[in-house]
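Input: structures, listed below.
What follows is chain A paired twice: with chain B in the first complex and chain C in the second.
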Partner chain A sequence: MLVLILLAPLLAALVIFALRRAPEVLALFAAALGLLGAAGQMFAVSSGVWSTAVLPFLPDMPIRLVATPLTAILSLVVATVATFVLLYAVGYMRHDPQRVRFFGTMLLFVTAMQGLVLSGDWITLLAAWELIGFASYLLIGFWHDRPGVAAAATRAFLYTRSADLGLYIGAFLLIGVAGTSEISTTLATTGTPALIAGLLLLVAAMGKSAQVPMQDWLQRAMAGPTPVSALLHSATLVAAGAILLIRTAPMLPAGALVVIGIVGGVTAVITGLIALAEKDLKRLLAASTSSQYGLMLVAIGAGAPIAALLHLISHAAIKSSLFIGAGVFQHDRDGTGMESLAGAGRARPGIFAGFALSALALAGIPPLAGFFSKDAVIAATLASPAALWLVPLALAATVLTGAYMGRALRILWAGAAADKTEPAPLMAAGLGALVVLAAVLALSFGPLERLLGVDMAEGGLLAPVLGLSAAISGLVLGWLITPARLLGPIFGFAQRGFVMFGGMDALVARPALAIAAACERLERWLYDLVLGFGRLNLSLGWLAQKIDTKGIDRPIFGLVRRTINTGTRARKLQSGFIHREMALAVIGMAVIVAVLLAAPLYS
Partner chain B sequence: MGRDLFFLIPELTLAVTAMVMLVAEMLRLPRLVLTLGLVGLTTATLLTLSVLDANTTVFGGTYRIDMLSGWAKLILLPGTALALLLARAELAGQDREGSVYSLLCLITLGALMLAGSGDMMLLVLGVVLTGLGSFALVTFPRDDAATEAGMKYLVFGSVAGAVMIYGLSFWFGGTGSTLYSELGQLEGRPLIAAAGLVAVIVGLGYKAALVPFHFWAPDAYDGAPVSIAAYLSVITKIAAIFAFAQVLRDLPVSTGWPLAIALVAAATMTLGYVTALVQTNVVRLLAFSSIAQAGYFLLGIVALGVSPLALPAIIVFGAAYVAMNLGAFAVVMIAGRSLDDFAGFGRRRPVIGLAMVVFLLSLTGIPPLFGFVGKLYLFGAAIDAGFLWLVVIAILNSVLALGVYLRIIVAMYSRVEGQANTAPISRPLAVAIAITVIVTLAMGGFAGILPS
Partner chain C sequence: MLPLLSIATFLPIAGGLVLMLRRGQSTQAIHAVSIGVTGVTFLLSLAIWAGGIVPGGFAQVEELAWIPAIGASYRLGVDGLNLPLVLLTTVLFFLSAIYSARLKDRAATFVVLMLMLETASLGAFMALDALLFYVFFEVSLVGMYFMIAGWGHEDRQRAALMFFLYTLLGSLPLLLAILGLYLSSGTFDMRVWIDTPPLTGIAAMLALIAMLFTFAIKIPSFPVHTWLPAAHVQAPTVGSVILAGVMLKFGTYGLVRFALQMTPEAFTKAGLVILAFGVFSALYGAFAALAQSDLKKMVAYTSVNHMGYIVMAVAVAALTVDPKMRAVALDGATLQMVSHGLVTGALFFLVGMLYDRTHSREMGDFGGLLGGAPWLGWAFILSAFASLGLPGLAHFPAEFQIFLATLQVQPWAIIAILAIVVTAGLYLRAIARVFLGEANEKWSAMPDLGRREKWVIVPLLVLTILIGIAPATLIDMIHTTMASLSF
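On to the complex of A and B.
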């Protein structure tokens, strides 16, 4: 089963690249096989059979895949969403000449994601993590000929890769402490190493899950095709960060949990505000993704990783159906700007109904899935020791969720449905299936909790009442009041994506550029220094040369002088390039000598 | 004596091959020279397998037959064979073509001496032997650029060599022996230890193009034929790294060498990639990138003696580096030296373009390519040894690396209206690219057969 889940998409991708024809059929077939494998896996695990597969790789570091209830559930989620998104993509990409590349890369991505979800070993996880990043780079940059797309893809890759630093160091730290790279064993780590590793993993998760201050790349990544957004930014790429934390949650000490919760809460609110002020539907959805993952981090921080898992599952179905709906409207109106989409919903009542149902689910209206998972999150925050911080943040995020979804619905509905549209059966089928999932998924939560052996704390009536009232008030606000009035003075600020918190641009990119400039200055200064140092010698040399050329050469060997002037090679050598470089080498030697002589002081 | 010679069979095969090649060159038979070289290198590689598991020394401890020198042969000999193919593709039909092949084999002989040295005299011999041949190869085109580059290389080499020999004489004075195995006596005599160590860092650092002894490299690579640049960026560099490992294994840690090397590593990685970011000449870009890669090697060096991963890390990354760097240079031979030549290259030649993407991604360290495996080992070794800060710098630099290599990839797939320059690729070049791309792609998965 484990091998089937991974190999079906991988082989199909290779076959697609090799044959270069019929990519849709192959992709759907592989996705269906993978789904079958994941379902069988789930069935096996639920009847108590946990399995492990070990494939040889590096010495002492094999590829280890494990099927536990947690990994099996996640794998099933990934396989399900991937299947429906691919179904939808067949319709969406119908006219694209690059379908082979698209479906091949999508399947590679699915392979990497399944590898990440099922990995039982840090090295496997690292490799899958990097592969996901790379495949997403390819997918976001799929339309690399269009302006700005390549830059967006590169930015996404660079952001997440910088954050990977945390994963590398955290993983190696855990391996070093536990002496093995098996994840389940390393989770027994306690004390300071666990705290440090937890915070490092949080950094990695913040990058991948687009948490403040690294949220910016996700919105720009909307430059990719919509199926990519639906797959990557709902259940997979972005989920990797949350999955990492959910899986390592048993190890995380209280200190790390508090930080995780606060990062998540702040993200949930800030990106919620950004979503509310957004002028583009897909970018709104992207910001909302950051916000919802923020809520998951809140749940993890509150000590209830299972609540985070439930929200992750319901969000996966909801968000992919929202993206798919947005993609249909995008096809109709050739864009996702809010103004151009006005009334697009009225032209396609069926699609709009699906979109609206998902939107209500995301806002948290019963009996849709989002209500129950959000309820679980809020209940977890109420029970947490850091409730004072987390509850207001979670509730604010819920209000904002309602508000921006309400606003999106209103814009799609109000306005003239001018255009007549061609039917899109495949896209509608993918959307319909996901919407049904989004609606009824809650039925599975009970069995899932039992399977994971966790009994969610029943928070009484307080949590659902709080959550529901927040959601409804948000929806009403969003429907009735324009964001400019709702947000007041911070509207413009939010619209620019909170430049102050503006993520890496302010935190990393600009300092990096400044350091680069400083380096350049330093280098020039070094050259000048060396030059000044050697000026005496050089001027002596010049003097000698002058005497040579003026006093002797010119009167006697004018011809020779001209030869010297034209011999650029010789001049270049004499002009001191090597001298300068040698001098730099000597400075380097001096530094090394100093370090060595100081050895008794530190060793 | 007979026993010693038995262990030296691969080296002797190479030496005899190089001599016979010279004779064939005198007969003006370049194709025969090439064939002899390829056969000789292959034979020497196969013969190495019989002594791979040995762990001994020959000639009174001066030359080591151990894991490091054994794998050096397995990496450098096939690498040289690939370089011969590249040189054939670039220089075929030129005057003095055969002498290039025999010089390449002689330099590799010096490289093997460096990698197996157990004695300071052998170290000096290796540096000189690799140096002399390299100067000659860089000046092969005999034009202005090559002459200047060769001159620069020579001046740097002479100074570095002189400093190294001078410093080594301190070690000799301190221990009364030229054997590395006696270096333990320097424990507690920091001044003498430091004098020799600085000398070794200068001499080998120049050979491996470490900052701040790297200045010759970009000029030399750019002035030389591309195939020669490819060879120099790989074979002599790895030989110098392995020689570092041989020396520093025996030097007491209390002399403070790990920190000194770590600082050099940090400077090398950072300066290499930062400078590579602004290059528009792909050969110079690759030159700075190989300077940076040398810094990554040092992550394994600093962990010597502390982490059991250190030696495997150096060897695995060495093997990966040979394949991916030679491959990248080989593609440059097809595309051209300027970054503009790469515009639309991936569209004009999809297969070669894909190969270049593989090489560049492997240089960046993307799984499951070979370069990723090597870097994983190196990071693991350095963390084991407690150099976490160095690993942080290394990982930050691999973000920079991505920027460096993506510049080429992005250019390759930009849409350009251009002449469809699809002249057929010469066979040696195609073979070399095929081999390197297969190794880069597949060895990541079979890293289990490499030493651990």
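On to the complex of A and C.
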């Protein structure tokens, strides 16, 4: 099963690149196979059969893939979302001449993501982690000849790679302490190493999950095709950060948890505000992704990784269907700016219904999946020792979620539905399947909890009442009041993405370039120094020649002649007559080598 | 049993001699000989690989009396340190021969020089006699000098002068160290020097400093690296590939084989200083590369960065007392030498191919080339990502081990890991400027890679991927030797 899940998309990608035809069929076939494998593995794991695959890599550090309840669930989520997004992409990319590259790269991405969720050792995790970064670089930069796309892809990769240093060092630390690269063993680490490693892993997770202050790459990453956004920036690439923390949660000490919770809470609110102020639907959804992952970090920080997992699962279905819906509107209106989308929903009532259902699910309206997972998050914050911090942040984020989704629905519905639209059956099918999931996923939460062996404490009525009232008030506010009035003085600030001190460019990029320039100056200086030394030798030759012509005592004469020779030879080299010198030297060397090699014959 | 090592070593120069004796051949015939000879040498190296190595010493040793009076013999042998480098050498020379198959300007002389360089390189890696090593080492330096001076670009004289100065000054201290080791042991047999290091105390330290000076220039390590960008920018493509791919490895190979194995005590004492130089070089190389807008110069500076990691790894290996971590560090260092040879070789070839078409290496002159030349573009993207350490490609397993060992042994030195972000930045910027964005009209008629060029680049990319996903074949061999080192 493990092999099928990984090899199906990988081989299909290679076949697509090799054959360069029928990429859609191959991609869907591989995705279906992968889904089948993931489902089979889920079945096996739930009947108590855990499996491991080990492949040789480095001495004493093999590649290890494991199927445990947690990894099997995540793998199934990835396979499911990937299948429906690919189905949708067949419709979306119908007219693109570069379909081969698109589907091939998408499958590579899916392979890397499955590698990440199934990894059983740090090297595999790290490798898959970086490879999804690479695949997303290729996908975000898919339309590489359009202006701004290359910059967006570059930014996405650089942001995440900077944060990846945390994962690198954290993993080295854990491997060093535990003496093995197996994740399950390293999770037994305690004390200071666990705290340091936990914080380092948090840095990595902040980069991938686009948490404040590393959130802005995600919004810019919307330069890629919409199916890419639906897959990468909702359920997979961005999920990697939260998945990392969920998997390492057993090791995280209280100190690290508090920091994680606060980072998540602050992100949830700040990116919620950014989403509300956003002028572009896809960028709104991207900011909302950061915000929802912030909520997951809040849950982890509150000591309830299971709540984070549930929210991750429901968010995966919800956000991919939202992106898919946005992509359909984008096709109709040739853009995702809020103004150009006015009334786009009215023109396509079916798609709009799906979009609206997902939006309500995200806001947290029962009985949709988002309600239950958000309820779990809020209940976890209430039970946490850091409730004082986390509860207000989580509730504020919930209000904001309702507000920006309410605003998006209003804009899509309120304008005039001028244009006729052609039917888009494949896109609708992908959307439909994911919306159904978004609606009914909550049914699976009970069995999932049992499978993972966690009992969610019954939190009473407080959490659902708080959550629901926050969600409804958010939706009402968002529908009725414009963001500019709602946010008041901070509106402009939010619209600029809360850039402080000039943002990452001023804080990181410019200093790096300044260091580079300083190195270059030093480099010039060193170069001139050496060159000056060379010139000095030459001028010594000249000087010696002068002295020689004036007549100098014999004892110095020999030395002078040698110096002159050096100078003259160097001059000759510079005069360009190189062939003769070269030939002479080659012959000379050959003679020396021959003499040396022949030494046994005469000695 | 055939003396495979000697045949592999001298076959190239024998081919060169034939070309020298039978003058007036057509260019085509000359290149056919060159490709044939390097190809057979490559096959021979595979046969040597099949012959295997043994833990704790050298395998397939070939020995002949040479100058018995002073204890110098002709001795060749392989272990887990030099065999990977031998394979790398034969691969790169074979591909260089294919690449230069169209060269018409004094083709015979060029090919002879190239073949002489291959003999010198293989000899230097496999020599087990210090005098023999030194002879091969010197011959390679002079050979490279003529390659740059004869077939270089516009400003080759200045570069040649600099290369000349460095090599002249650089190799003398090594000779002194070798003489010192000889005088206290009465033999030039490197195996004896490794098994029972002859020097101790201050003498060992002086010998170490002398060797470090030579090898630091060769590696090259800050601050004696300035010849490298100058030489690379002016060198012909094949010269750059051989220089960066093979000859820089003399430095790191010597660092392990001579400095670490023959003066281990002194090396451990100086370990922190050497580590600091490695860390600084790695960071400095990355930042200096970031400042470049000339593609070739940029790739050249990333060599300073990548070779800095190797210096770090060797220093870490000397500083630790844990044999497991020592093996991890040295495994990483050795693999990094191979990875760097393949990846940087590919990058120099690609920059050369771009230059052949456009006569420019300035990033700003290009834009959007990916659309018109997908083979060139994707090969460059893949090589660039390999160079910045992407998993699944050659540098990752090596750098992973190096950093892993570094953090365990000297946690502060992990600061060098910042360089992987800087290299990511500089390569992505180069890719974006040259290959992405709106296509530059000027190059709209630029042809993509031809068949010959694909024959050069594809094998390198395949090897890069193979080492990235299945390093076990190579690293198990390296590990056999590194785990059995005792000092």
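Note that in this section the second predicted complex is superposed on the first by the 505 of 603 C-alpha atoms of A that agree within 3 Å, B and C clash if a C-alpha of one lies under 4 Å from a C-alpha of the other, contacts with A are read in each partner's own complex, and residues count from 1 in each chain.
Following the convention adopted for this analysis, contacts are C-beta pairs under 8 Å (C-beta built on N, C-alpha and C of every residue); 3 or more make two chains touch, one makes a residue touch a chain.
All values derive from a computational prediction rather than experimental measurement.
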item	value
Which superposed partner A:L131 touches (first chain B, second chain C, both, neither)	both
First, second, both or neither for A:A18, with chain B first and chain C second	neither
Which of chain B and chain C A:L388 touches, first, second, both or neither	neither
Chain B versus chain C as contact partner of A:Y168, first or second or both or neither	both
Partner chain in contact with A:P147 - chain B first, chain C second, else both or neither	second
Partner chain in contact with A:L461 - chain B first, chain C second, else both or neither	neither
First (chain B), second (chain C), both or neither touched by A:G176	both
Contacts on chain A seen with chain B and repeated with chain C across the two complexes	56-60, 123, 126-127, 130-131, 134, 144-145, 150, 154, 157-158, 161-162, 165, 168-169, 172-173, 175-176, 516, 519, 573, 578, 582, 585, 589, 593, 596-597, 599-600, 603
Touching residues on chain A, where the partner in the complex is chain C	56-60, 123, 126-128, 130-131, 134, 137, 141, 144-145, 147, 149-151, 153-154, 157-158, 161-162, 165, 168-169, 172-173, 175-176, 512-513, 515-520, 523, 526-527, 530-531, 533-534, 537, 570, 573-574, 576, 578-579, 582-583, 585-586, 589, 593, 596-597, 599-600, 603
Of all residues in chain C, those that touch chain A in their complex	64-69, 74, 106, 109, 112-113, 116, 135, 139, 142, 146, 149-150, 157-158, 160-162, 164-166, 223, 226-227, 229-230, 284, 287-288, 290-292, 324, 327-328, 331, 368, 370-371, 385, 390-392, 396-397, 400-401, 403-404, 407-408, 414, 417-418, 420-422, 424-425, 428-429, 431-432, 435-439, 470-472, 475-476, 479, 483
Parts of chain A lying in touch with chain B, wherever the complex brings them together	56-60, 123, 126-127, 130-131, 134, 144-145, 150, 154, 157-158, 161-162, 164-165, 168-169, 172-173, 175-176, 516, 519, 568-569, 572-573, 577-578, 581-582, 584-585, 587-589, 591-593, 595-600, 602-603
Of chain B, residues touching chain A in the complex	144, 147-148, 151-152, 155-156, 159, 163, 190-191, 193-194, 197-198, 201-202, 211-213, 215-216, 253-257, 259-260, 263-264, 267, 274, 361, 366-368, 372-373, 376-377, 379-380, 383-384, 388, 391-392, 395-396, 398-399, 402-403, 406, 410, 413, 415, 445, 447-448, 450, 452
